[in-house]
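Please find one structure pasted underneath; my questions will follow.
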């Protein structure tokens, strides 16, 4: 076979940007040839250890564990809701509004009916009815979000910003802004009781997280969610009903938010239009820290659990050291950035990733969309 | 003493996680030479081109321009060295106007800091004239049909005073007429002393314009020489390592075959009008036509992606209301879209998930949970059956080469076991070997009683596969020919 | 329907006109120069921030940290001016504030352009970090004895009129900054290669890199520019309010992003116009400043704002959807 | 500071949990808490969430319970929301003293600087006097969800209806989200909508500053009356120009100090009785209603005496 050219000289191969010194590579390899999830687990464990060593007395005590277990569920549920919405490439900024509106409806129902029924069974029935109303309200709010996003095509961030204002507004109209009291005494178990040494709200969170995890990873619906989040156009061509997926996802969000609202209400023994407002951006932060890609298609329940734990360890630990809560905010932000950079350096040290060609027109399937 | 070659590639190697995409590949391109890079899907052609364009670094090897080995090699360096690339995925800006897409390149390399809109439009107009097409300058690229996008990408590359133009499958979305025009342009460029590196799976094009041919197989250079030293069968042999028989897979409907699909008076204003045809079980029906003749719109309408303004569709003799892809699927219709990157694939998701996404509902076991083993097995079966070249079904589908990606899309639809399958450009960007295999698969499906509609610009393909061919022009079916006509005859009818 | 009639800008403009007509019918005093000037004045902060956000959206990113940057620069600059006793020079005040904004923008740029991290994640982190740092380590007391230069600036008016009852209505000089920002940004976007590179990067990062745009430099510019705008906006805010309150401004981010998207910028990048952004800002400012005039009870005001956001975004979105359906 | 009283056998850990960290009001309260720590040697300190949110306050108290502090003194953002967690604190033997929460149940004592309704009525009296008991006025609250603000306004409106028939309330309660810019814009809008508006009563500490700025820009300082809760450090400049005519508050430092003192007294088992002197001005002769203790601790501040209150 004839040669096109026979170069006389063959100079030394030139090195690409992968020519990192091997020492650095090895070091990065030590940080873990692991997945981002494992790395987050390591970071969470380190935070736990450091806090335990710094303040062993109040931090590493049963009392503190119980206290943290009571604090976690409500914002963990909200973070879970945000993660679920982010899987589709959307976001749900209305969760706090949904939570408060649902719990206000619940307390209205219970307050109205409780005096009219007698006996323990009657009270339990009223509580169940109140909870049902709240969950229904949450799902309906989610349905409204889903319709705005998939039928009217409003960008999720704006649709849920708008509906969130509306839900909070209706909550204000219903209550005039005041806190609504009047839960039957038994209702306090939801937020304040314990079962087998573990707080009831924690059981609720664990159960729901498990259900969401199963839905996402073990059902056809879950698979379709990830696919649609990756490329909505292709999912339409593959015969997936994007609208159907979106609606169900936002209904799940609304449902989770309503549960969070019920827990908050039980822990506060009241419902109010402005409870938990600070949780919104915090939940977004937790969801992202947990490895969720805000552009869709990537995110796992396990990541949320780890992110929630690390945030809580930091938060309680710093409270015990009497660190200003503003410093805590600073550290949360910094933690997010550090985790992302560590993940990145890890990716860089693996041979495959950089310059992955992202074909034009692809709606941002992976993290390289910035 | 001869002058050094314009471009000299020396021992280039490149690996992606587990895949050796290029292995010690080297060749040279002289001034005014048209070199063709041939090879099967995934043989490393696009990778090589990306390295030459500076878009990806090589693991080893070097690039020499005019005999000078380059130390730094970024896209800007490549442009400065006079290299222009028409990428397989076009690399256009969807949000910018056609004029900007064509002219920005120029403005950038001229080092301008400010924009002169008059100049931009003038440059763009000149570019389009060179390609010989007329596309509105102010239209945003996003809204262009694929073919126009490709033409814009070509215009952009031709404009610059490039010394070497690299074209990675520039003709995939083009019809006969544009292809001929492009080949003319390449010849003109050569006469002007511009070198061209050309990639195409349409071997007739290769022999039409190329002076030299370099063949890659599995990332290695397996052959190189002047075009005269090869013929179609030897080239095919080098590419695939075996002989490909040029057999016909043409399938006509049996006389007593059931009518699967009947379309009557189907109309969508501005796209197509009064479309009527029928499709029988076991038949492969071809639809061809010039660019923008309405074929894609028609296919999308049949699949429920585009609402129609009038007419009716009957499946299996019963009127079918098809308002969404779900309706279409419920009626047993499948659709392989023309643009696999944006419409067909979930690029960052695993290959297996891409294959089974259409059939997951069938793999739901007790309690509504997925039968994951069943799904894995199904994915593996299709990977084997369609010979998708990958180390693992769990890799993201973006790690596959273009042709293998196309097989994944096909596999997804075959897995749904459709009654009617619409294939829009089924072998776009697919190499000869795979093409033959895909054609055989299509024929096998027809034998199994599936009705198939093939939309294609590839005349040999459509003649090879279809017994009956509809020709569309300006949104109407203007002609119906049998698969027995000659290629030249069909080309003539298309152009007339 | 002609294509201009279905454009975002036109629909938002129609919503604005409708809202004005209804308000004027309910309360004719709405149609006054005082109203116009008040709206303009209240639009300066959001307007400046929105222009920055628009640039980020065009470049294919998203920024939620700009409010924290504005608050940080505003407060730190005021503090410096007071502590160093150099509060007499307005120019210096703006230079310091914009400079601090620029530095914080560069921190965003470091993570975004340097490390290539996703913008939403980075700016979520810096939002929290900047705000936390400011309040924990710089200071949390509000500074109400703002330096003389800022005080004078707040009293400097471009136009001043007197109404029937002898009271003033006036347009502060600060509005010139908004006008300047609009002109400069327009020039950058539509007359320079830099502007084109912002659109190009937002349209397709990969393609921009392949044809030789310096993607990182573009991103550094964008986040730096946003920082400067935010720093300037912060200082104007503190001057006009005659107090530097470190917990001000943060919390506006979603409202500003809503204004920009209302104006037609796409969260997926590549699209956005200055006219649209200004219209979006107008709608948001209008809604926030006419509810009392409209006689809407306070308890219902949130519902109204939410509803108008849905209407303003829903109408164009629905139009676009119908159009897409027609096209197929 | 003076050394601990001999009665005090040990040093207590008593955190003060405030509504939100870092704002002027609670920075002033911290001064009182710190002074108490200095005076007694107790581990008294102040904490508060970074954002005004009842749930964040609950979480902080959860952590404090886990640390087994001796007493918790708290200024609830929303008293109802704290009931269960405060109940848990008391179950754990922690003494709870609250402030600005007269309706709270799960506290040993709640100390109020005054009766909210009386305070609101008092501000209305001043506003009416300034307006010559006639004309249109508007009222502002930091949030519709803020119980105290709404009680002040309730008291004010009730007093106006009973005593000043020639004054009329225009518009609804205006909500400012504790944001000066919103108060400013609202005042502008009210002035445009109600040209005869002559009086304003604010509730959040930034309300009157925002209103004052709007009036100053209109040149209406001399023709209008603005009264409301604020601090001299926030509204001083408008008091000087007359845009704001009077501000009212109770000294947060004193309130913080008194809360700590009460908590210590409970821990030491001392008796708390009607008419006793808590040793801080305004709380020299307290009245007791159930477990709520009232002082008479409000301060009227005008341009004349504002320099006496450097915070």
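Going by the order they are written in, the chains are A, B, C and D; count residues from 1 in each one.
The rule is simple: a contact is a pair of C-beta atoms (placed from the backbone, for glycine too) under 8 Å apart; a residue touches a chain by one contact, two chains touch by 3 or more.
Since the model is a prediction, treat every value here as computed from it, not as a measurement.
Visitor: Tell me which has more C-beta contacts between its two chains, A-C or A-D.
Guide: Of A-C and A-D, it is A-C that has more C-beta pairs in contact.
Visitor: Where the centres are mean C-alpha positions, what is the separation of chain A from chain C, in Å?
Guide: Taking the mean C-alpha position of each chain, the two centres sit 28 Å apart.
Visitor: Roughly how many whole angstrom separate the Cα centroids of chain A and chain D?
Guide: Computed from C-alpha means, the inter-chain centre distance equals 36 Å.
Visitor: Approximately how many whole Å separate the CA-defined centres of chain B and chain C?
Guide: So the centroids are 44 Å from each other.
Visitor: If you average the Cα atoms of chain B and of chain D to get two centres, how far apart are those centres in Å?
Guide: About 72 Å, centre to centre.
Visitor: Two-or-more-chain contact residues of chain A, please, as numbers and ranges.
Guide: 172, 176-177, 324, 326, 328-329, 357-361, 363
Visitor: So which bits of chain D are touching at least two other chains?
Guide: Residue numbers touching two or more other chains: 21-22, 50, 144.
Visitor: I need the residues of chain C touching at least two other chains; which ones are they?
Guide: 132, 135, 140, 204, 206-207, 299, 301
Visitor: Touch graph of the chains shown: is it line, ring, star, complete or other?
Guide: Other.
Visitor: For each chain, which other chains does it touch, given as pairs?
Guide: A-B, A-C, A-D, B-C, C-D
Visitor: Within their complex, state which residues of chain D touch chain A.
Guide: On the chain D side, the touching residues are 21-22, 45, 47-56, 58-60, 62-68, 78-85, 88, 143-147, 150.
Visitor: Would you mind writing out the residues of chain A in touch with chain B in their complex?
Guide: So the residues of chain A touching chain B come out as 1-5, 7, 10-14, 16-18, 214, 218-220, 222-224, 226-227, 230-231, 233-241, 297-298, 350-352, 355-363, 365-366.
Visitor: If we count contacts the way the header does, which residues on chain D are in touch with chain C in the complex?
Guide: Counting only chain D, the residues touching chain C are 21-24, 27, 50, 144, 171-175, 179-181, 184-186, 188-190, 192-193, 195, 206, 209-210, 213, 217-220, 233-234, 236-237.
Visitor: Where on chain B is chain C touching in the complex?
Guide: These residues of chain B touch chain C: 53, 55, 74-76, 79, 85, 87, 91-96, 100, 104-105, 107-109, 112-115, 268, 271, 297, 300-301, 305-307.
Visitor: Under the definition above, what is the set of chain C residues touching chain D in their complex?
Guide: On the chain C side, the touching residues are 27, 29-30, 32, 34-35, 38, 42, 45, 132, 135, 140-142, 144-145, 165-170, 237, 241-243, 245-248, 288-290, 292-293, 297-299, 301.
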